[in-house]
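Structures are listed in the sections that come next.
Each of the two complexes below includes chain A, the first together with chain B, the second together with chain C.
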Partner chain A sequence: MYIYRSTIATLTMIMLPVLGGMWTLQAGILNISQEGAMLMAAFFAVLGSYIFSSFWMGLLFAILASLMINIIYAFFCINLRANIWVIGMALNILASSLTILLLKSVFGVKGSFTSSKIQQIPSLHLGNLGPLNAFLNDFSLVVWITIGLVLFFKYVDTHTTFGLHLKAAGKNWQALDTAGISSTLIRYESILINAVLVGIAGAYLSIGYLKLFNKDMSAGRGWIAVAAVIFGDGNFTWTLIATIAFGFMDALGISLQSYGLNSNLTLMFPYLAITAALIYQGVRSYRLKEKG
Partner chain B sequence: MMERYKGLLIITVSFFLAIFIGGLLMLLYKVSPIDGYKEMVMGAIGNKFVLYSTLDRMIPILLTGLSIAISFHAGIWNIGAQGQLYLAAFVVAAMGVTFHGIPSMMYIVIGVSVGLVVGGIWAWIPGYLKVKYNVNEVVLTIMMNSIAVYFTLYMVNGPFRTTQGSLGATNIIDKGMWFKHLNPLSNLNTGVYVAIVATAVIVYLMVFSKYGYEWKMSRLNQRFAVYGGVDVKRNLMMAMVVSGMLAGLAGTLLVMGDYHRFLNGISPGYSWTGMILAMMVNYDPIGVIITSFIYAVMASGGLQMELMLNIPQELVQIIFVLSVMFVTAGYSVSNKMANRIQEEG
Partner chain C sequence: MKKVVALFFVTFLFTLGMYSTAFSAPHMKVALVIAGELGDKSFYDSSYQGLVRAEKDLGIYAKVLPCKTDPANYMPQMIAASMNFNMVIVVGYELIDTLKQVAPQFPKVDYVYIDDVVKAGQVTSIIFKQNESSFMAGALAAMLTERKDFPMVNGEKVIGFVGGEDYSVIRDFLIGYEQGAHYVDPEVKILTGYVGGWDDPATAKEIALDQFHHGADIIFQVAGGSGLGVIDAAKQAHFWAIGVDSPQGYLAPNNILTSVVKNVGNAVYDMIKDKLNGTYKRGTIYTYGISNNGVGLSYSKVMLKNVPADVIRKLIQIRTDIITGKIKVKSYFDRK
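And now, the complex of A and B:
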């Protein structure tokens, strides 16, 4: 049961940047700055929640911080046509350094900050559900928001013109522009939506089930999300499958650790799985091409 | 040639602009920028000892920077320097604590060779998969970074854990494998000569040999390169393996020279810094040498600045990121202007 609940928590954290990142990829921009945006959001969630003693303000601050990183990324990648790796990595380094600098300057601490004034994002208690208690009760609000978002994204992806425009902006932007729809605008929209989702994910990281900011606490979750997005290559179903698999592996690694197994070996699992999946995918499509 | 001067101009202007904004940020801490930067520079090159430390800090950044420069220059995106560095460093350290009694000169040669080979192999795998099966080498190398880092962390917390204390590290390696420290106050060691030789080889390969040109052709226009009789696949593989070897060498020197053991967090982001520096100077090896020195001065001076003036040393990273952004924006704007001039002419 513990593993079920921790998988849900990890999945939520990865799912949000995956959904956002999938759309930016469909629109033609792989978002490398997820890790940094998530970290910034986590810090600002703590800051907002600490100042106002309100998780709503924490969420708002987190989303604004994530927007800042994403807008810089979008401006450089869309308007200036910069290399995504330079700007993405620079922003990740910026987020890591800036949060440590702010920890030192605002809170006067090194490494980690916590306070009883921070308000957590509440969990939903649905009353007594009998045998379903452990399955459904007391999950964070963010978990339910995420489940709603997955369904919403699935609907938009397959049933609306916006979903179509996204793919057109990625696959054939000239055609989209000719049809009178600005591909730049569509790309910006996808990045802004992504920013909001990553902001929520960051807030969930720091004030979702903790009241704490640790330096570099995103700990590669943003990267796992990027990997899942790349693996899914814009396809909703495959992206979802990859995310669930990676989320489970990550949670499994952390739970095995509590049974005294060396956690580092188990934390290697999701990366091994992704590597194996990528190699399989590559070799398979190579074989198919050779046959066809 | 014009292209080169333009790049130089953009980088210089961006750097000073970032320094200027960094100065404004120092004012927020009620410190005069002149004092701040003076403390930074003095703390990095003010006397022989701090200069040695600065040079020591420069070596891994220089080597990983060159590693990235050579692979990106050829158009194969090795983001995996971190993993190559960690794995090579660990294997060398594991060898150093296991085998004893090998004559020193021989042991050093063996150690460096093993580091080069391990780094090379860890880069060869994604390189081969890219060239043969067209697997995305960017994602692959990122994943292999995490695999290597977690694997080595497991080893130093498990089978190879130190028996002296509870540090996340291996035991001290056999003395025969040590590069001796040049003075007791800094970690700079005789391994610096190896780094100089490696740098010279890379500068030769990239600037003076035919490979430099062929690599560039492969990146800019693969079809043209093939048409011109360049074996693109072999060139890509070679760039990738050399790139991995350099990253491996960086790790090897950290183990055999600086710490004489492998430890957790042996490379705090050296490879990412190296990558950004390499991209900033457009994969020019000479540019990497200069910028990695400037970066090392700022980074080791930043510590002094924090100690003396109470400005967080992370400010240095922020100045660094700002200059990266200015350079990127500068290139982009100048390219747009160049296109416009061409269209009008």
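And now, the complex of A and C:
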């Protein structure tokens, strides 16, 4: 039963960057700076929460840090038309090193930092719900925000002109520009929205789920999100399915270890799922090309 | 003419340099080559403390050469250490291959490798019997998990183990832990989990919480930075954690029973002292176990506060039994 809660926790950390990344992909930019932005956000969440003893300030700091990485990424990719892999990798490596440097210069420690002055993002206790207690109670505020955002994104994706503009900016930006709507602006908007979401995800990692910062603690979650986005290819439903599958496989891998399964096997689960999904998608798009 | 002057000048400087090193010879020069950087609050720092202590007490000249986990630094740092120092102490498994290549080229230099056996010419290896200290941790966990009046334990005879990655030294920790727990009560069940990385506290926390929901109320973590996630889980879900490498009680004074420590610094200090006394043996293996305080539990304030006195007395009895050979602790390395 615990696997349900475990899945929700894992899922939240990757769902937010997936939602943001899906929109930037729709607008024509695959955002691969997620890992770096998440790590920076995680560090600044701890910093903000530590200085002001308030998780709101932690969230704010995290979003600002994530914005910084995302704006650099957007400027290079949209305005300067740089290779996304070059600038994305540069930002990811920068974030990894910069957080270590800041950890040492701000807190005077290396490797990790924790303090009782850090205020955690609270969990919501909804009162006694009887049999639903295990399903609904004591989840972090961020979990509920995420659920709300998923619904909101679904609505915007299918029911608003903004959703259409995003897709137009990705599929045929000349047409969008001709219609008098700046595709550059749309792309920037998608990146800024992504930055906010990744910022929240980073804050959830360091001051929501945990209460500490450790170097490189994002541990590949940004990349899993990128994989889910690539798999979904801008399609809301498929992206969502991929994310839930990855999150569940991760939690399943952890849970099966307690039953004595070899860790080398179980730790492969999420990555096996991603590989299988991407192979499936590759075959599918190849067949579509052959037909068309 | 210019060339001749320059050549003369260079030769002069070179000879001067040679003499200056010759004049300062009375101090033994020791280099500590580490694969990562100082500041890990664990292995590197502990060896550095031993070096600093030796510098103060024994009047040697000591220097740390960090490689910052960059493979491009391994060879240059190792050669620099070998050319300029009498004794080179190497910490970090990443450096084993480099050490094997460099050591035969400098037959006059003494090499000490810490925490594994390196068979290469004059290299002396130091190994720690983490299985012995883990045995005590296992015994401690087993005694407390079935204790009736002890806070935060449930009725189930289940304890947990969270490792960073699944490899030999970590398995050695586990094997001692399991044997120690079964020594107290063969019925105790040990749940094991591996994070798959040393810097992923979130996954470590999930593993710990999962084990907690399977009945584990005392969890031993050997997972570096990831291990902090286990301690965080212990604070949140109210169970006990056992720390590793250095005394970690200060991280959660109400949730940490004890820490399984490795006194790397003592080993470094002893090697330098032996060398000065002339008792240092080249190309051998020194073992640091419970008997010579190379490993053990941290009998810190936190431990004395959290662990009942009669349990501590039993632990001391177990320690004596291990030293006298009454208890034979299994090791993962025996199978090799």
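Basically, the second predicted complex is superposed on the first by the 275 of 292 C-alpha atoms of A that agree within 3 Å, B and C clash if a C-alpha of one lies under 4 Å from a C-alpha of the other, contacts with A are read in each partner's own complex, and residues count from 1 in each chain.
Going forward, a contact is a pair of C-beta atoms (placed from the backbone, for glycine too) under 8 Å apart; a residue touches a chain by one contact, two chains touch by 3 or more.
None of the values given here were measured: they were computed from a predicted structure.
With chain A as the common reference, chain B cannot sit beside chain C without a clash.
Looking at the shared chain after the overlay, A:104 reaches both chain B and chain C. In the superposed model, A:174 makes contact with neither chain B nor chain C. After overlaying the two complexes on the shared chain, residue contacts for A:76 are found with chain B alone; chain C is out of touch. With both structures placed on the common chain, the touch criterion links A:128 to neither chain B nor chain C. By the touch criterion defined above, A:258 lies against chain C but remains apart from chain B after alignment on the C-alpha atoms of chain A. When the two complexes are superposed, the chain touching more residues of chain A, out of chain B and chain C, is B. In the overlay built on the shared chain, the residue A:279 is in contact with chain B alone; chain C does not reach it. By the touch criterion stated above, A:116 is placed in contact with neither chain B nor chain C. When the shared chain is aligned, chain B and chain C each come close enough to touch A:267. Applying the stated contact rule after C-alpha superposition, one finds that A:93 touches chain B and leaves chain C untouched. Of 182-190, 200-208, 272-280 or 326-334, the segment of chain B running into chain C after the two structures are fitted on chain A is 182-190.
Within chain A, the residues touched by chain B in the first complex and by chain C in the second are 104, 262, 264, 267.
Put simply, chain A touches chain C in their complex at residues 1-3, 6, 9-10, 13, 104, 109-112, 114, 205, 209-212, 214-217, 219, 221, 251, 254-255, 257-258, 260, 262-264, 267. By the touch criterion stated above, chain B contacts chain A in their complex at residues 29, 77, 79, 129, 132-136, 138-140, 142-144, 146-147, 150-151, 153-154, 157-158, 269, 272-273, 275-276, 279-280, 312, 314-315, 317-318, 320-321, 324-325, 328-329, 331-333. Within the complex formed with chain A, the residues of chain C that make contact are 37-41, 163, 166, 191-194, 196-197, 199-203, 205-207, 209-211, 213-214, 225-226, 228-229, 232, 235, 251.
Considering their complex, residues 72, 76, 80-83, 85-87, 89-94, 96-98, 100-101, 104-105, 220, 223, 227, 230-231, 262, 264-265, 267-268, 271-272, 274-275, 278-279, 281-283, 285-286 of chain A touch chain B.
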